[in-house]
Amino acid sequence: MSDLDTARRDLVIANRILAHQGVVDAYGHVSIRHPLNPERFLLSRSRSPELVEERDVMEFTLDGKVVGDDRRPPYLERFIHGGIYEARPDVNAVVHSHAEETLPFGITKVPLKPVIHVASSIGPSVPVWDIAEKFGDDTNLLVVNTDQGRDLARRLGQGRVALMRGHGFAAAGATIQDVVRLSVYLPVNARVLTAAMRLGEYKPLSPGEIEGRGAFNPKAPESWRAWEYWARRAGVSQLLGEMP
Amino acid sequence: MSDLDTARRDLVIANRILAHQGVVDAYGHVSIRHPLNPERFLLSRSRSPELVEERDVMEFTLDGKVVGDDRRPPYLERFIHGGIYEARPDVNAVVHSHAEETLPFGITKVPLKPVIHVASSIGPSVPVWDIAEKFGDDTNLLVVNTDQGRDLARRLGQGRVALMRGHGFAAAGATIQDVVRLSVYLPVNARVLTAAMRLGEYKPLSPGEIEGRGAFNPKAPESWRAWEYWARRAGVSQLLGEMP
Amino acid sequence: MSDLDTARRDLVIANRILAHQGVVDAYGHVSIRHPLNPERFLLSRSRSPELVEERDVMEFTLDGKVVGDDRRPPYLERFIHGGIYEARPDVNAVVHSHAEETLPFGITKVPLKPVIHVASSIGPSVPVWDIAEKFGDDTNLLVVNTDQGRDLARRLGQGRVALMRGHGFAAAGATIQDVVRLSVYLPVNARVLTAAMRLGEYKPLSPGEIEGRGAFNPKAPESWRAWEYWARRAGVSQLLGEMP
Amino acid sequence: MSDLDTARRDLVIANRILAHQGVVDAYGHVSIRHPLNPERFLLSRSRSPELVEERDVMEFTLDGKVVGDDRRPPYLERFIHGGIYEARPDVNAVVHSHAEETLPFGITKVPLKPVIHVASSIGPSVPVWDIAEKFGDDTNLLVVNTDQGRDLARRLGQGRVALMRGHGFAAAGATIQDVVRLSVYLPVNARVLTAAMRLGEYKPLSPGEIEGRGAFNPKAPESWRAWEYWARRAGVSQLLGEMP
């Protein structure tokens, strides 16, 4: 299987996993950088992630233009993906989600900190991007052009995830497995933190625990285990290859 | 397919979507204004929305009388629909739901405000209708006559949705796709707002973000995407036509 | 179909509905008074409600003795049912559940009041029975003899439902449809009340709204609608007869 | 069926039950002590519990070494199991879970106490083990060697379950049925306690109610009932033998 075929296949798996895990619903999307051309990325046509198949995958330049004469309607918010790929050569996959557990942290001043080990990769605290800061209050909060995508990418900085006020989050990963994993456990971390704050003072992960996790290896057995499990539950086990 | 056939088909799809998304359960209903006669509306016989089929659809005048010699038992609360259609020529579809996330806002003084972009259409704050204000405390809270339906419609005013104290909500839309979408995201907004209030001070959508959303176009790709996804999940993909 | 056959069939339907709606899990049970002999009641052998079939139904006297030479293990807590049938000739069906949303109201001093119209039948406030008051603290909280069952029935009084501290609730109805309905909506009411209390001061149903509901008629279309819907979802539509 | 075959079969059932009940997800595991050699235990290869089959079961010594020439990747955290089996000859089965309802009690100072009768076996209060106390803050919180496993076992002491700060819990039982039951009801107890604390002062189980429960008998009808029910729901009814 070519690198491009693998990328398209993994993109379909990622769409289905995120839908089945409730990270995305009718809306939200996931992309992967083109494995042969870092100036492009792959993203489904405007379709709910649970329904995405390989033939739905389109190709875009980093400023969100469709490559080729593909006339199918793209996602309005493809600029989230382009903006992050442009700013971050280390990033090869991006998720945009409205996961509701994360939303309260985008509309209050309470920082979303990691409190469980599976969320250590989110960093010490997740930054919040408010579209109104730069683009005023006459938007519908959607990221619909390159300027907005770049501004969001600036708030993300060198981090892994940024909250979008009143809207959702954007997450980035070196691999698609990595960003899917982060996107699955970010809402769990938000729920646990929310519940802990109601009980009283809580202990977040320490700086060493956040730093020390080391690079995520998608081929490690414990990474594959989750990818395999989530893919099977999402009904796409036939797309899974052999354990690496 | 005639306009009437399309209306009946979309009404079945809407019933199934609302049931599958948990907006309605054994109770709750959705109607559509008759496409050829604005003085009438279509609504299922007394049946739980998940079970509704085309043959269950009945026709009513705006004061809730059955059209024709259809002897099947209608919903007791059909007056919710008639009252709103009578007062609002711009409304072509109505949902009544007991969605539990919205109920706390009907029995407290806390206003239900939009905090997420997908709920901007609910307006700056959702009004609460208390049946006891006009009809005293010897009701069972159900809207069972024209007077009650009209009183509820007055509280709704020119808005999109009104809460009903101790009971649920009534929502209105220019299209059935629009009111289904609002009914799906209203409970999500209520959950997010509830969680945010527990964290502390929160930032609702701004007036510009509420106003600026523009008219909902049910034929836009991003609207069709959700309708298609919800219909497929609800098991009625065979009723879906082509993407408009 | 004889009255006894109908009772046994409805008892199976009720078991499946309560399991599917999450009112009971591995534990919890539902009984029906013997339609021909008010001194007896029907209850499954010791089996989780989701698995109960007609052949699992056993017959008991009001003091919890097995009728006939049926050697199958009965539920340890059949005395809940006998105690209530003995004290309340108007009651023909009883549910015992551990539904977790109701449990906080059994271990705190916060009264469980009706706040939604579908829960008006629980009365102005649900009494709490604490087994330790009469039987000390060396029980495992289970109701395992006639004395305990009678004591619980006394706390229930002329009401419809009593909470059992650290354990669950016992509910009673004139018909099995009525007690199933109450058991489905009691946890919903508890969730809504819990959420409302966190928002601030709340408005419960008024005395008139609680009193005024009138007798529950299991043959009314709106009652049948819920019974049919719940039974279909629970996978026992084949047991349903015609709409009454 | 030999004792070893029974152990392996029950281990598969336990994996599936814990996955289906949401106690474990992609991560978490359950083990059983080798029935013929108390210095060994059985545990799946590195695989998500929902997918575990009999052929996935591996054998380990108490210090976490693989028995035989089995080259399949084991769980990184097998030392949780070995540490507990070494310290506690009365324990024959161990569960490790990330169940999120329990996590707030591991990162705050609020004690997790039993408030419902089905959780009486957790003891008066669940101890919290913080890996950083002994191993500093440069871990990723995982229990990846014998020292860490033994330290966790010390915090467990003679109890049934210990929380692991920012990570999950480890539970122990005399039988696999017993530890599965505890693992299913511990999160329920955590949810009920969390909700009760928000309402106000609550009443936990009394010392007598905690002590008095007596030994858990996996062959009693009320124990078998739950095991059968959970196994059927998890889709492994074909592995169930006859009721004991």
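First chain written, first letter: the chains are A, B, C and D, and each begins at residue 1.
The working rule: a residue touches a chain if its C-beta (ideal position, glycine included) is under 8 Å from a C-beta of that chain, and two chains touch if they have at least 3 such contacts.
Note that the coordinates shown come from a computational prediction; the quantities given were computed from them, not determined experimentally.
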- Query: Starting at chain A, what is the smallest number of hops through touching chains needed to reach chain C?
  - Reply: 2
- Message: Using the contact definition given at the top, which chains are in touch with both chain C and chain D?
- Response: none
- Item | Classification of the chain A:chain D interface as same or different, half of numbers criterion | different
- chain A onto chain B, same sequence, C-alpha superposition: rotation to the nearest 5 degrees is 90
- Item | Between chain C and chain B, distance of the C-alpha-averaged centres to the nearest whole Å | 32
- Query: Using mean CA coordinates as chain centres, what's the chain B-chain D distance in Å?
  - Reply: 46
- Among chain D residues, those touching two or more other chains are 198
- Query: Which word fits how the chains touch one another: line, ring, star, complete or other?
  - Reply: ring
- Each pair of chains that touch: what are they? A-B, A-D, B-C, C-D
- Task: Flag every residue of chain B that touches chain A in the complex, lowest number first.
- Result: 115-118, 120, 188, 191-192, 195-196, 198-209, 212-214, 221-222, 225-226, 228-230, 232-233
- Within the complex, which stretch of chain C touches chain D? 25-27, 46-48, 50-51, 73, 75-76, 98, 100-101, 103-105, 107-110, 132, 136-142, 165-167, 194, 197-198
